[in-house]
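The two complexes that follow have chain A in common; it is paired with chain B in the first and with chain C in the second.
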Partner chain A sequence: MTDDLRYVYAVCRPLDAPLHADLTGVGGAPPRQLAHDGLVAVVGPVPERDFGREQLHARLEDLDWLAATARAHQSVVAALATVTCPLPLRLGTVFRDDSGVRAMLQDESDRLRRILDRIDGQVEWGVKVWLGAESAAEAAAPQPSGAPESGRDYLRRRRAGNAAREQSAARAEAFARQLHEDLSRYAADARLHPPQSGPLTDAGSGRNVLNSAYLVPRARSEEFLELVGRAEGTLPGLQVEVTGPWAAYSFTDDPEAS
Partner chain B sequence: MSGAGDPFAQREIALVDLLDRLLAGGVVLAGDITLRIADVDLVRIDLKALISSVNAQVPAPWPEGLEGLGGLEGLERPEREAS
Partner chain C sequence: MTTASRMPSSSLGAPQGGANLADILERVLDKGIVIAGDIKINLLDIELLTIKLRLVVASVERAKEMGIDWWEDDPALSSGARRTELARENEELRRRVEELEQGTRVDGGALGPGTGEERGKKADRRGERERDG
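And then the complex of A and B:
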């Protein structure tokens, strides 16, 4: 279709093998490689009715559409990550046509190569630490059984409960800081993301005290995961969660700019 | 490429983790006619409804005593009768 736009998933070095024939991306369309001057953009056709300027902005308000698009984007990037170290683009990077994509590869060539160099041979691991809503406070200060004997007793218990909660929050933060320090030392690079909360997070997960990403050589991932595993269970009421391996989404800023 | 033995073809990823990376991460390119840097910013503004609902329960960085101010949020909501 002539009025299709170009959705770009990732940029990578030339691949040894073609993309899997069954691979589909956003809108169910198969992605293909568009090579220019030693770089490859992985692109797919998307209809203007969804990805034109105004349409895209309206579509992004639709959580179901956003989720489907995000999963399609990720499935292409994840497939690429099995054969190379792709540099993923932010969701919704759309060009008018192939020549626009080529012009981008030309103009951004130096920056793209710098970032590709940094992420070469690396994967991203996400680590989150959750403080259980009540369990941590209870572990820190077991509640006395029975009803309070008086108003004063009630207030005393309440104060003790608050103090225990504050204490466990402080301990959780210290634990998260230490874990982040340890993992950062091991990783090639690290980034802190804002803590997760709200309707998209699992209601029972408690409070997110660490949400971070680590760039780790693929070959050393197992050791990295062991390091995370050792931290698990060292403090009652704290859960350590690992996600990944991801393509290096969190490490796409220009190494030269920092 | 998406076979079962593939370490990247894992259990379904939580949407919140996906959006953490796809909306805040990934390289931002000043693109073609359709999307430029400014439009990427617009995309983020358009997502305000989602993001603010995502962030609504982030623990406030200020002492608990100020939480009562949350009641003032109502003032920012447009009154249906007003228009």
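And then the complex of A and C:
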């Protein structure tokens, strides 16, 4: 076991209670706390055969392995988030041994403390707005059924279809901007992420017009969710999706850097 | 979380258990604090990886989608049009992969300080030092 590397999930302030005994992380190994000078790194042993430098690069190409590792990483961070406000590390932060982790806590101490201060007492909520592929355009301009009667009819229908789609896209974007503004005012901090696209998103969920994250005091989460809930259903064809509460993944940049 | 249970399950996305893989990957691969570990993944490699994943999985998924023609009535959005769109997107992604691969070769591809190689060597030295001491 001494050959194992150390995978670091998160850094947090000292915990009042031990980690749940049943909790497992990457590779099925239980994480533990490694304290140094008022900070705690939550670490787990991982085998060199998966996480050595060359091996890791090969492993990352394996979608199933990557998905399992990402879920394991998130499950440890999520468990921590129920008892504290952890600062999550990016997937695959690995050290050779405990002293390497301690050295990191020492070297990065100031930055880690600044971010931990910012996220103290806060959780992250993700909000996405989807413009339904068909429903929005249909709601704006019902398509006549049957084949077009002529070339002119075809062009007219095509123009009408395009105009309806553009209109609903413009309305969706205005809605998303307004929602983001409203939620940002309520939240302690907010981040806009690039819209999600591609195969990993739900098939048929339409076009992602807003993908954002909000840092919200845990105690005010309920009000925040009510605010989101009120926005839902105000425009036909638009779906508002909330995910969370997450650990503050999106708010780990250094407050002093900007 | 009591707050969570108030939301309809469809919009909650069940973050703790069966959370959407896209949401999880977005956060653990792309967010979270970057700290230079002893075994460091090059950030550029991650970007390359997510693009590659999109390419591989996209072709499978899109092929499936093509069996279901959403806009059968609309010639402007026929599967032919989308096939062109898919080809264009794949072309663009391939070009990006090439760019990134070239970047990796030319300048080591490091976004942060030092290249993966340098970090690796430094890490090895540190590891040795600590084993000696």
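Before moving on, here are some points about what is shown:
Note that the second predicted complex is superposed on the first by the 255 of 258 C-alpha atoms of A that agree within 3 Å, B and C clash if a C-alpha of one lies under 4 Å from a C-alpha of the other, contacts with A are read in each partner's own complex, and residues count from 1 in each chain.
Keep this in mind: contacts are C-beta pairs under 8 Å (C-beta built on N, C-alpha and C of every residue); 3 or more make two chains touch, one makes a residue touch a chain.
This is a predicted model, so every value here is computed, not measured.
The superposed arrangement places chain B and chain C in clashing positions on chain A. By the touch criterion defined above, A:Ser184 lies against neither chain B nor chain C after alignment on the C-alpha atoms of chain A. Contact with neither chain B nor chain C is seen for A:Gln33 once the two complexes are overlaid on the shared chain.
In the overlay built on the shared chain, the residue A:Ser109 is in contact with neither chain B nor chain C. After overlaying the two complexes on the shared chain, residue contacts for A:Val83 are found with chain B alone; chain C is out of touch.
Contacts of A:Thr24 after superposition: neither chain B nor chain C is touched.
Once the two complexes are laid over each other on the shared chain, residue contacts for A:Glu232 go to chain C alone; chain B is not touched. Residue contacts after overlaying the shared chain place A:Arg158 against chain C, while chain B stays out of touching range. When both complexes are overlaid on chain A, the residue A:Gln167 reaches neither chain B nor chain C. Of the two partner chains placed by superposition, only chain B is touched by A:Pro195; chain C is not. Only one of the chain C stretches 25-33, 61-69 or 97-105 carries C-alpha atoms that clash with chain B in the superposed arrangement, namely 25-33. Counting contacts as defined above, chain A residues 5, 8, 11, 51-53, 56-57, 60-61, 63, 66-67, 70-71, 73-75, 78, 87-97, 100, 103-104, 108, 112, 115, 126, 193, 196, 198-202, 243, 245-246, 249-250, 252 meet chain B in one complex and chain C in the other.
Interface residues of chain B, counted against chain A in their complex, comprise 1-2, 6-9, 13-35, 39-40, 42-43, 46-47, 49-50, 53-59. On the side of chain A, the complex with chain C involves touching residues 5, 8, 11, 51-53, 56-57, 60-61, 63, 66-67, 70-71, 73-75, 77-78, 87-97, 99-100, 103-104, 108, 112, 115, 126, 133-134, 143, 145, 154, 158, 161-162, 193, 196, 198-203, 221-222, 225, 229, 232, 239-246, 249-250, 252. Of all residues in chain C, only 1-4, 6-7, 11-13, 15-16, 19-29, 31-35, 37-39, 41, 45-46, 49, 52-54, 56-58, 60-62, 64-65, 70-71, 73-77, 116, 120, 123, 126-127, 130 touch chain A in the complex they form.
Of all residues in chain A, those touching chain B in their complex are 5, 8, 11, 19-20, 22-23, 51-53, 56-57, 60-61, 63, 66-67, 70-71, 73-75, 78-79, 81-83, 87-97, 100-101, 103-104, 107-108, 112, 115, 126, 193-202, 207, 211, 213, 243, 245-246, 249-250, 252.
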